[in-house]
Every structure is written in structure tokens, then in C-alpha cells.
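What follows is subunit A paired twice: with subunit B in the first complex and subunit C in the second.
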Partner chain A sequence: MNTNLKISNVTKIYPGCVANDNVSLEFNSGKIYALLGENGAGKSTLVKILSGIIIPDEGKIYLNENNLNLNSPSDAKKNDIGMVFQHFNLFETLSVFENLIIDSDEQRESLREKIDLIMKKYNFPIDLDIPVLNLSAGQKQKVEIIRCLIRNPKVLIMDEPTSVLTEQETSELFLSLKKFSEEGILIIYITHKLKEVMQLCDEVAVMRRGKLVSVSEIKNENIESLANKMVGQNLKTIKKKKAKTSSDQLIKITNLNFTSEDPFETNLMDINFSVNRGECLGIAGISGNGQSELFQVLSGEIISEKKSIEFNNNYIGDLNPQERREYLMAFSPEDRLEQAAIPQMKIFENVALNNFKSSNFFNNGLINENKIKEHSKKIISDFNVNTDNIELKSQFLSGGNLQKLIIGRELITSPDLLICFNPTWGLDVGAINYIHETLIKINEQNKSIILISTDTDELLKLSDKISVIHKGKLSKIMNAEVVTSEKLGILMGGAN
Partner chain B sequence: MIKILKRDQPSKAIFFFTPVLAIFLTLVAGGLIFFILGFKPFEALKFFFIIPIADKYGFSELLLKATPLCLIAIGLSFCFKSNNWNIGAEGQLTFGAIVSGGVALLFYEQEGFYILPIVILAGAIGGMLYASIPAILKTYFNTNEILVSLMLVYVSKLILDYLVVGPWSNPEGFNFPETRQFSDSAKLPLLFEGLRIHAGIFLALAAVVISWFVFYKTYLGFQMKVSGFSLKTAKYAGYKGKKMIILVFLISGACAGLAGVGEITGPIGQLHREISPDYGFTAIIVAFLGRLHPVGIIFASLVVAITYLGAETAQIFMQIPKYTGQVFQGMILFFLLASDYLLFFKIKFIGSKK
Partner chain C sequence: MIIDINFVGLIIASIMASAVPLILASCGELITERSGVLNLGVEGMMIIGAISGFALMTVTGSLIVAVFGAMLAGVLISTIFAFLTQTLITNHVATGLALTIFGIGISAMIGKNFVGIPGKEFPVLFESLKDTIPLISPILFGHSIVFYFAFALPFMTNYFLKKTKIGLIVRAVGDSPESASNQGINVRLVRYACILYGGAMSGLAGAYLSMIYTPQWIENMTGGRGWIALALVVFSTWNPIKILIGAMIFGGLTIIQFHMQAIGVRIPVQFLTALPYIVTIIVLVVISRDSRKIRLSTPSSLGKSFHKDN
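Right after this comes the complex of A and B.
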């Protein structure tokens, strides 16, 4: 029997962000569909709506012409929609079998037979009686898939399933998914990995900033065209005036490595680059390729070998962020609400987070509130933060104003180098332009920038040199004048 | 119809209102329990909450019970504000009492103004040492501080048990499980003739002022505040998160240790098996009821102290078991947590339209 799933005019609005903007899509069984987009593009929101976790503000879901009311995950299960999440929902200390029967009301014995059949059919050799914690990531994912298959789903949604898998496990997964598809299960595959889309899927829907950008057949696409759609076409490149070339080296990174114990982090391998005074080095890449780790290594949140970072003729690899600030470095992290600022604290308290000796924010261990407040007022007026109340809790600032406050806090000390990570992520056009102008201005003052961003337009607009990070490795550094977004797209997809 | 809506932002008025609401609901539920047990609810509540503090002696007893509660809760507020769940203050109190009691016994039959400060200091250090165990295990070995600090409570009580029965028991004490009485030089001075209220109350008040000053006025306090809200931000700002964790445990242990000193060098005057009616656990309720704020904690410690006194009065006059006091303490926490729901959600009554 054919399955037809239709998403009709779905809209979901969060305060300050439209996660899904009037999205309509249609899927038919027999094909594998890719839902492609960067982090924050709205794909996760869309599949959470399909699996009943999020209730849309507007729009309807139809399965075989029936309007579905998906108010909870169990509604989705009842309607034969199964979902395998990126992070597993398994009880580590229970056995595989116990995990599988937890949300089923079938008899244990008949269920066991059914599971055995499924495992035989799809060649999933898993011992049902060992605890889940002894399984590999690939095996855990199989347990999740079996949990869906028990219910004979019509639709199976896979959310970024390969992020924790090895190459071999990935190809095994692809074989299984193709088999499911042949048997009439409608597969929706969510990813930001272009290669996988080309390998596995038949049709691809691309989302960007909450909107559906395109739906097309894979045979009409290639990695570049998809990359362009995903990160946004290079509409207009207003490049900044070429800064006067300086050969005065400010920061040099030599043979920098970082190995993480966390499987969800990316290891950095043999990073080498240097930035001269007055220069902006852009680092492009699809999110999740090591940008966050690179930012932390540069800011000092992750300490590295002393000699791996040379700044202004000092070796600073082993210094923490506060100590690096003393050398006139400044940092603007990606996460405004959980890292760069504390929403529950007042504006002037957030300003005090950028503290170093000459700031005099804290004298003899006491808070110098007057000094901090004076400084805060200056930031607010110099950087156009739209409030005059420095006692306001910063959670009441819009994203744009909060980012202006953060950039202002970092820049008012006239640092020699600003390292920023996705500085305009999620902001409106006005705020984006303001931040861009500010960043151009610092370069004109002969100060340097390292701009890590997933926004290709932004990088082409602001950078003097560009490199691409892919799986924790940097590409060679290119002159921004000769780089096109197509070329970046190819490098971001992992090609050489 | 009733509709529950999420608030856009937690309400500040509700933040201070919920503790009051929780106390009110506790009184209502308490009255109901008395009624079911066959007592007149208002009369029983009067025996519980008014009679005990109606005279000067009663009021001084209230301050006597509130002192350790306040002191411990102030210390705990440092931990709780920075998301460190030290629930072993009872153990830190006991260990502080053991160390200071040991020192006081060393000075048995000696006199001197210097003895008391040494005894007090020893108690604070004992509490800190004991609190450093869960802190170090948490920061360097990733253990869960809730479990470790809780289990250490029983260890310290058993140590105390062993000491008062064995090596430290009073040689002239007819094998009672208690030590010698401390010398007067090792005892906190009484404030009024005939009342048990002692100078320990000044320790508690000093803790209130100092904790307010440290937390709201110093760089150290600022770092603790930031680390409590977000370790990620603390890392980004370059603060030493692990040291902050150990520090808040030490502060909290010192306060609990001082509370222990206050008990044994104040009303008790020696070490025996029961030096604390679970002040260390009850102070957790006090800390939350006082919204982790120094001034709030003063009021909360007074409110919760009444339940200790009320339980005794009610037992004497109405033959209600004194464990009713613990029931009341439990109800306060229960209702406080329940009414905190209102911080994040508002209830809207929508008139039914036909």
C-alpha cells in the first residue's frame, strides 16, 4: 500500500524566531527523502511537529488524506509515524529486550518472536538480554530502529542518524534504510551532510532560516548546488575595501591539535594559520565540523600546548580566557544566551564578565559598581544598544541588542584581535548590518579579526582571507578575492 | 474553565509571595490533620504556633533554635546558589562538634579567654574538613555530591557515637554515653540570666552580614554567582570553576561546623549522642523558604524554629507526638515546591461561555 504524507502550510513561531515559516511538503512511499539544512534552519522543528513533540501554530498534517491531530508523541505512534532521534532515548542499565517492551502493550512472548523475526530479516544481530550500555552507538541505533519497526510504521524519520556512527556503520544503516524503503516504508532523512544525501536519497528538500527553499530530485543536483541552497545563494557580495596589506604578524597557530573525550565533539587536527594586523581571517564550514572546538581553543576555554599559539610574540597556548584578555584579545562566542551573557543578570553585571586588570571593575576583591556602570553606559551609547537602563536584566534585550552589547563589551577595550563565532546568527537584517559595519571598522583601525561563521555571505563580505574547516581540519588559506561561494561549498562538503 | 499558561518571565512579586503562600497552606493542611485526629484545629494550631512563643522564655527558646538553622542555611545558600547540592550539613555539624568538642576537652579544667575562640575555630575547621570530602570527590572524581554528603552524615554520627561511648566518655559518668562537661572558659556566654539564649546568635548574625557582603559586593561572590548560573560562562570569563565549587562547600561546612559548636558549647555543654535534632536537614528547608537570600533566611529560620517548639508544647499539652513538628517541616517544603509552580506558570480562570 502506498503511503502519502502531506505537510500543509505549517508555521511555528518562537519568541524572536520563526522556526517554520509556512512550510508545505509532500512525501510518497517508495522513495527516500532528505530534509537538508544547517543548524537552526528549522528541520528539527518540522520533524518534531511530525512526531507530535511540538504542536504547530498553524498548518495541518495529512497521512493518506486523513488530517492528523498530533498532540503528543503517542499520537504520532498511533498514526504509524516512527522517529529515531539523534540522541538515543534508551535506558542504559536495562537490557535490550526490556528497552524494547517498555512502551509496548503486546505480550512478552509474542513480542520476542516478532523482534527475532525483524532482526533476522534485516540482519541486526543484537543480543536481546545484555544491558544497553554494553552496545556500540551503531547497535543502540539499531535498537531504536527495531523499537519503531515493532509497530509496523508507515513513516520512519531519522534525525541526523550518522553523527555518531563509524563509516562502516553508516553504510550498514544505508543498506537497511534502502530495504525499508523497498518494503513501502516512507523514509525521511534529516541531515546537513551533503555526501549522504547524494548517496542515499531520491528527493531532497532544503530548508534555510525556517523557510523551505527548494524541493528537487537528487539526479538534478550535485554537492555544490545543494551547498549553495543550504547556506544561501551568494546574492550580492559587497566586499569591504581591501585593507592596506600589512605583513605584521599578530597571531600564529602552529601544529595545534585537540582530542576530545566527548563523542559529540569534533577533534581538531594539525591546525596551522596566521593572521596579520588589520586582517580578517574567515573560517567557513558546515556547522559541527569543529568550529566550536576551534573557538574554544583560540579563546582559552580549552587549554593547549603553550607554544601552539603565538600572539604578539608571546606564547599563550596555556593561558585561560581572562589571562588572554590581558594580552588584548577579545572573544564573542556563538551562544549569546548560555555563554556570552547570563540572561538572568543585569546589563552592567554582564559587562563585568569581560574583566582584566586595567578595567578596574574589581578593586581589592570588591565590586567597583560605579566603574562598571559608567563603562556600561558608554557601551550602550557607543554601540547603539537600544535601552538606557543598565539595571535591566539582559534577558529583556532582543537578540540584536544583546549581540551589540556583547560585541561592544569586547571591543570597547580596543583589543588587537577579536575572535567571533557566528556573530550574526539569528539576528534581523538591521542588526546584521550594524555588526558587519562594526567589524569592518575594526579592520580599518588596523585591528584583526578571526571570524568563524557558517554564513558564507558574511564570510565573503568581511574576510580578507578564507579557510574552510571540515571534520576538524582546515583547508589551505585562500585569498578572499578569488574565492567564490561555489568553491567554498565544495570544500565545505569535504571535497579537495 | 481553568487554563494554565506559561509565564513569559518569572514574576518577582510571586517570587516573594510563594513562601508566604506555602506557610499559609501548611497551616491549613496542619489544621486539617489536627481535625482528622480529633482535635479542634484552631486550638491545636494555637498550641503549636502561638503558645510556645507567648512569653519571654518561649521567645528566647525560639531564638535558640533559630540560631543553628540560620547559620547552616546561610552556608547552604552558597552551595545551592551555585548548583552544588550539599545535603550533608548535619554531618558537617556533627564533625565540627566532634573536633571542637575534642579541643574543649583538651582544655578541661583550664581557664582563659583564649580557649573559646580556639574551640570555635576548631569547629569551623572540622566542618570545612568534612565538607571538603564531597567537594573534592565531586570536582576530581565526578561523584555525586548528594549521595556522598548524605552518606557522610551517618559516618559522622557513628564516629560521635563511638567517641562518647568509648575513648571520650566521662570517667566519672557511670558509663553514660557522654563526655565531661566543658569548662566555663570553653562555653559560649549566656546573654540573660535564666534564659538559655547564648552568644552563638551573634555568630549567626555575623554570618548573615558577611554572606550578604561576600555574595553581593565582592569579586569572589560575583564569580560564584556567574559559576552558579552557567559554568560555560564562567569558563569563558576565565573563572576557576572547580575552585569555586570547593570554596562553596568549605563555606557551607564552616557554617554547619559553627552551628555544631554553638550547640555543644551553648545549651548542651558537652558531647553526647544527640547534639542536633536534625538541624542540618531542616536548614535545607530554611534555605529554600528564605529564597537563599540572607534576610529571607532570618525570617525562615524563625518560622521553622517554631515547629520545633510547637511540637514540644503540643506533646505536653495535647499528647500529640512531637514528630508532628517534622510533619510540619515537610509540609512547608512540599507546599513551597508546589507553589513555585506559580513562578513559571499562571493560572487563568476563563468564564464558561455557552
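Right after this comes the complex of A and C.
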């Protein structure tokens, strides 16, 4: 049976931003459609409209010529539209089976049989009786997919499904999606990753700033043409020059362990590595494998044994972040608005938060506002932050500008080592390029970087050495020139 | 010294009786909190239940009207809380505190005319069986219907949360209201229902105090039991069976310290009165100290407002 889904003249306006500007699209079953765009292009808003979470200001949705009234997520379900969310919509403390039965009208036994059939058919082996928080990201996604499949959907929407998956899990997912498509389910695949579009999809619609830019068949496109459509300008590609390897060791981690009381955290086991001057060590891994714990241990948010971290010939394992900064370390945490900056405070106040001893930001306990403001202006101009108002509250900066401000704040002390955790997470291509250039420059000045990232392409581009973290353990450290993303993917999945 | 075995039975029965209001209010609050709502107004809802039950009993003369009227009064006052926190998205803590202050004040006002009026006798069940078996009979028989209901309630609550679909939905809403909403569950409706249920149970707990336990109206007669009920919920790590244990320890120590004072044990009175509070908390902390289980049973969204925006 054929399914036809039509979006007609959909508009959704938020204060200060047009999320969807008169978007019209048509989809037919049997094909896999890509909806491509940068963060903030309006893809997520559009699919949330399709799944009933957001109600559009204007426009209509038709499924097989019937006008749908999607006022709530249950309306979408009733009309056989299923959605797998980017941020999983699962109940962490409930068991897998409880998560699945909660929106089903079936009896326990018959539902269990149905789930068993689905799991066998698509090769999704998952223990139904353990709490969801014990599952890996890939397994959680499978639970979400099963939840949709139980309802025999006509349309399946996948919102950025691969952001938490390994290379292998991604190819498994693609196989399943192709199978679903052959079985007549209409698949809409939302992403900003061009490679995946080329690999998986038949047709691609590109969105930019809320507007639909183009609809075309994949066979008429290539990665460059799609990238230019997505960004709206020609992108220059940056490449790292091979740095001359120094043998001057800067930081050495020896037998570092961390055991957490919290079941949501990962324990770190026997971490050993060292970084030389001018080097970038990349740490790859799927999120939730101990990266945030490792970052906290390295930055001093979690104190460890004194001798486990040796920096510039000093043992600093028991120092807090402020004291570590005095030794010329700098940190850029993952969550810009929660950990790196205080959203309600002004730009210059956030700059003052990183008060190192030589800064003279404070005299006898009083704030030296002029000094801080002068310093903030310098950061803004040096690091290309797109504002001239240092009195602006940080929450009003875009992600890219905020990240530039934070990196600028950290670099102004000209630290010997910068530790970043997902520095380009959620940024648009322009800002990503800028951050990458900045990081490359740091290495060129013979300073070092520890780059913890879930983005494999970023790691391969910037690192000299790469290691993979899996369940709190580091793999052996590899030369980045000989590592492939496939090899990283295998290690990220836990194999040797 | 010969200890009368029936006397021991009576002491145990009196301990259980003093635990009844705590069990009722805690089990109600447990459901409310499992849905992610922190209602600090338990004390206020209890005292409203107490005065409503007593007043209705005196005015209408009907015990059934009085008991259900007290529950309804609990529902009504918790509706104010629900409207403020769920519809107007006010802060749970501040609203709950206001509710308690409001409840204590208004109950004192209504209660002025009922001070000194004697209560009615509340019928008990299985009275004739009271003398059949030594020790056991006084514990099991000759209590009010509310008493039996209270001791069944933790088990029913446990069954409801673990085995029924609606219980699952309540837990899901408390775990992640955003996900629940995206799954098409009406978060606000579920939370309203849980708040109102908590109100009904607190009302019943209050009515038990003023109509059965000490059948009379005294201003501020709940005497902090609402706060103890709240503490029981937290220290039991949202487990109804542990609430039962905690309420029994608290009731037991309260009764025993009375007897100790009466016998004239040489321990300062202030220490004896404080004992139930300290021991109950220590015991509950010890039996629930598994941090993994705490994480799994704590409603993740507890006390956080949920606002669905379009």
C-alpha cells in the first residue's frame, strides 16, 4: 500500500525567529527522504509539527489526501506517524518493557510476543526487564524504534539518529531502515551529516534558516553541492599541517582511577597517557563512556590522587581547577551554558570568573571593572565574537559566539595545555571552522591540546594521537595518521 | 513480675493506632511525589480534614458524611495547590508551605465553635472476637474500618505502582514529564489527579485523628504529624512498605516513651520526646542506603515545574 505525506505551506514563528517559513514538501513511501540542514535551520521544528508536539501557526498536513489535525503526540500516533527522537524519550528508571507497554493498549503477554517477533525479525537483542539507564545509546535507540514498530507505522521519522552511535551501529541502523523502507514504511531522515545522506537516502530536501532551499534526487548531488546548499556559501576546507613531533613531555597521567557512587556515572579504570608539547591528543568514544568523568578529573572538578597527574614536572592531581589554572592549564567544558559560563551574567562578568593571579581583576577584594572590561574587549575582537556589547548577558549569545568567548577567555593566559570537551557540539559550520582553526593555531605555537570529542571526523582532522574511551577504559594510543574512522568505530563499540 | 500478655497486645494495638494517620498521609503524599509534585502542604491538608470531619460529625450526626466530607475537604484544599502549581506554574515548595499555613489558620477559625464538644463513638469491627486469642486478638480485632484500610494501603499502593498501567504512567510522569508529554500522556491531568488523591488521604488522616484517635477538636491537633509523614516518604525512598515500617517505629517509640515517662525512667523528658524523630530517621536511612536503588526510585522530576510550550 502506498503512503503519501504532504506538508503544505507550514509556518511557525517564535518570538524573534521564524522557525519554518512557508514550507511545502511531499513524500511517498518506498523511498528514504533526507531532511538536511544546520542546527537551527528548522528541521526539528518541522518534524515536531509532524509528530504533533508543536502546533504550526499556519499550514496543513495531509496523509493519503486526508487533512490531519495534529494537536498532540497521540494524534500523530493515531495516524500511524512514528518518531524516534534525537534526545531519547525514554523513562530511564523504568524497565524496557515498562517503557514499551506504557503507550500500548495491548495485554502484557500479547505485547511481549509482538516485541519478541520484532526483535527476532530485525535482530535487536535487548533484555526487556532491566532499567533503561543500563542500556547503551544504541540499545536505547532500538527501544525507541521498537516502540514505533509496535504500532505498525506508515511514516517513521528519525531525528539525528546517529549522533550517539558508533560507525558499526550506524551501518546496522541503515540496514534496518532500508528494510523498513522495502516493507512500505515511509522514512524521513533528519540530519546534518552529508555522508549519511549520500549513503542512505534517495531524495534530499535542504533547509536553511527556516526556509526550504532545495529538493533533489541524491544521484544528482554530491557532498560539496549539498554542503554549499546547506551553508549557503562556498566553504573552504581547513587542514592541519603535520606538526614536527617534539619529545618534550608536558602532562603525564599514571594509573588514574575514579569510582562513582552515582549509577548514572561511569567509573574510570586505570587511565594512563601522556601528551608532548605541541601535540593534540584526541579521545574518541560514544557519549556516556566516561568522557565527562575524565574531563572532570583532568580539570580538577574531581580531585584525584596527587601523583596520578604530572604536569610540567609538578604533581597536581589534588589541586582544584583554579589552582591548576595557575600552572597554565585551561579548560573548555562540554556544556557551555551550564558549566563554562553563567547565562544570567554579563559577558565581562563571565570573563572575570576565570580570574588567574596575574590578571589583577580584583584589588583587595574589590572588582576592578575597567581592567576586566578592557580584557573582555580584547577577547571579543581577537576571537571574532560577533557582538560589541560586553554588557550583554551571555545567554543571548549564539552557541558559536559563546564558544569563541569561552575559548578566548581560556587562551588569554596563553596556557600550555587546553583541555576541550566537545568544543563544536551543536555549532554551525562557520563557527566549527573557526574553532578548528583556533585549535590548530594553538598546536602551531607549540602548546598542547587534549580534545575529548564524540565527533570522529573532528578528531581525525585535529589530532596527532588518538585513543578511544569505552566504559571508562582507554584503548592504546594510536598515531592519528594511520587510524581510520572504521577502526575507531570498532574500538568505540568495545571490541579490540 | 508477671506481664499480662493481653496488656502487651494492647500496647501493640495502640502503637498501630498511632501509626494510622502517618501511613494514610504518607501513602497519599507518596503518590503525589511519584508523579513529580512536591506538596509540602500535608500538615495543612490534615488539619483541614480533622476540623471538617469533626464539624460535619457534630452538625450532621452522620459518621459516613463526616469521613467522606473530610476527604472531600482535603481534595478541595489540594485543588488550590494543584491549580497554583500545575496551571499557574508556581513554585512547589513555596505553594506547599503557604497551604500548610493557610490550613492551620482556617481550621483554627472554623474550629472555634467546636472546642470542648465531645466526639461520638466510632463503630469498631470484630468486637466480639477481641477476647478469643491472647496477644493476637487485641491486635487484630476491635478496630475502626479506617484502621484496617490504613494497614492495607501500603500494599495496595505498592501493587498500584508496580503492577498497574496507571501506576506505570504516574511513575513515568515523575521520571520524565517531557518524555511522557511527547508520548501523548497528559502530564498536567496525571499530576492533578495525584495531588487530589494525596489531598483525600491527608484529609482522611486528619479525620482519623479528630474522630477516632482522640475524638474531639483541639486547635493544631495534628501536631506536626504532617511533617513526619513527609519525612517518612523521603526517608523510605518512595517505598510504601518502608513507610509502614517507619510509621510503626515512630508510633511505637511515641507510645513507649509515654510509658517510660509514666514509670519515671531517669532520662530527660526532652530527650524521650525527641527519640521517635531521631530513631525513625536513622532506621530509615540505614535500611534505604543503597545509592543505586535511591537513584532508581527517586522521581527525577520531583518538585520541578513542567510547562508544555508550543
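In this text, the second predicted complex is superposed on the first by the 257 of 496 C-alpha atoms of A that agree within 3 Å, B and C clash if a C-alpha of one lies under 4 Å from a C-alpha of the other, contacts with A are read in each partner's own complex, and residues count from 1 in each chain.
Basically, contacts are C-beta pairs under 8 Å (C-beta built on N, C-alpha and C of every residue); 3 or more make two chains touch, one makes a residue touch a chain.
Just so we're clear, the structure is a prediction, and the values are computed from it rather than from any experiment.
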Which superposed partner A:Val482 touches (first subunit B, second subunit C, both, neither): neither
Touching partner for A:Ile102 - first (subunit B), second (subunit C), both, neither: second
Partner chain(s) touched by A:Ala341 [first = subunit B, second = subunit C, both, neither]: first
Touched partner set for A:Gln395, first subunit B, second subunit C, both or neither: first
Contacts of A:Asn320 with subunit B and subunit C, given as first, second, both or neither: first
First, second, both or neither for A:Ile53, with subunit B first and subunit C second: second
Interface residues, subunit A side, partner subunit C - complex: 51-55, 72-75, 77, 85, 88-94, 98, 101-103, 131, 133, 261-264
Subunit A partner contacts - residues on subunit B that touch it in the complex: 8-9, 217-222, 225-226, 229-230, 232-233, 235-239
Partner subunit B, residues of subunit A touching it in the complex: 15, 299-301, 320-325, 331, 333, 335, 338-342, 344-345, 349, 352-355, 362, 365-367, 395-396
In the complex with subunit A, residue positions of subunit C that touch it: 165, 168-169, 171-172, 175-176, 178-185, 291-292, 295-297, 300, 310
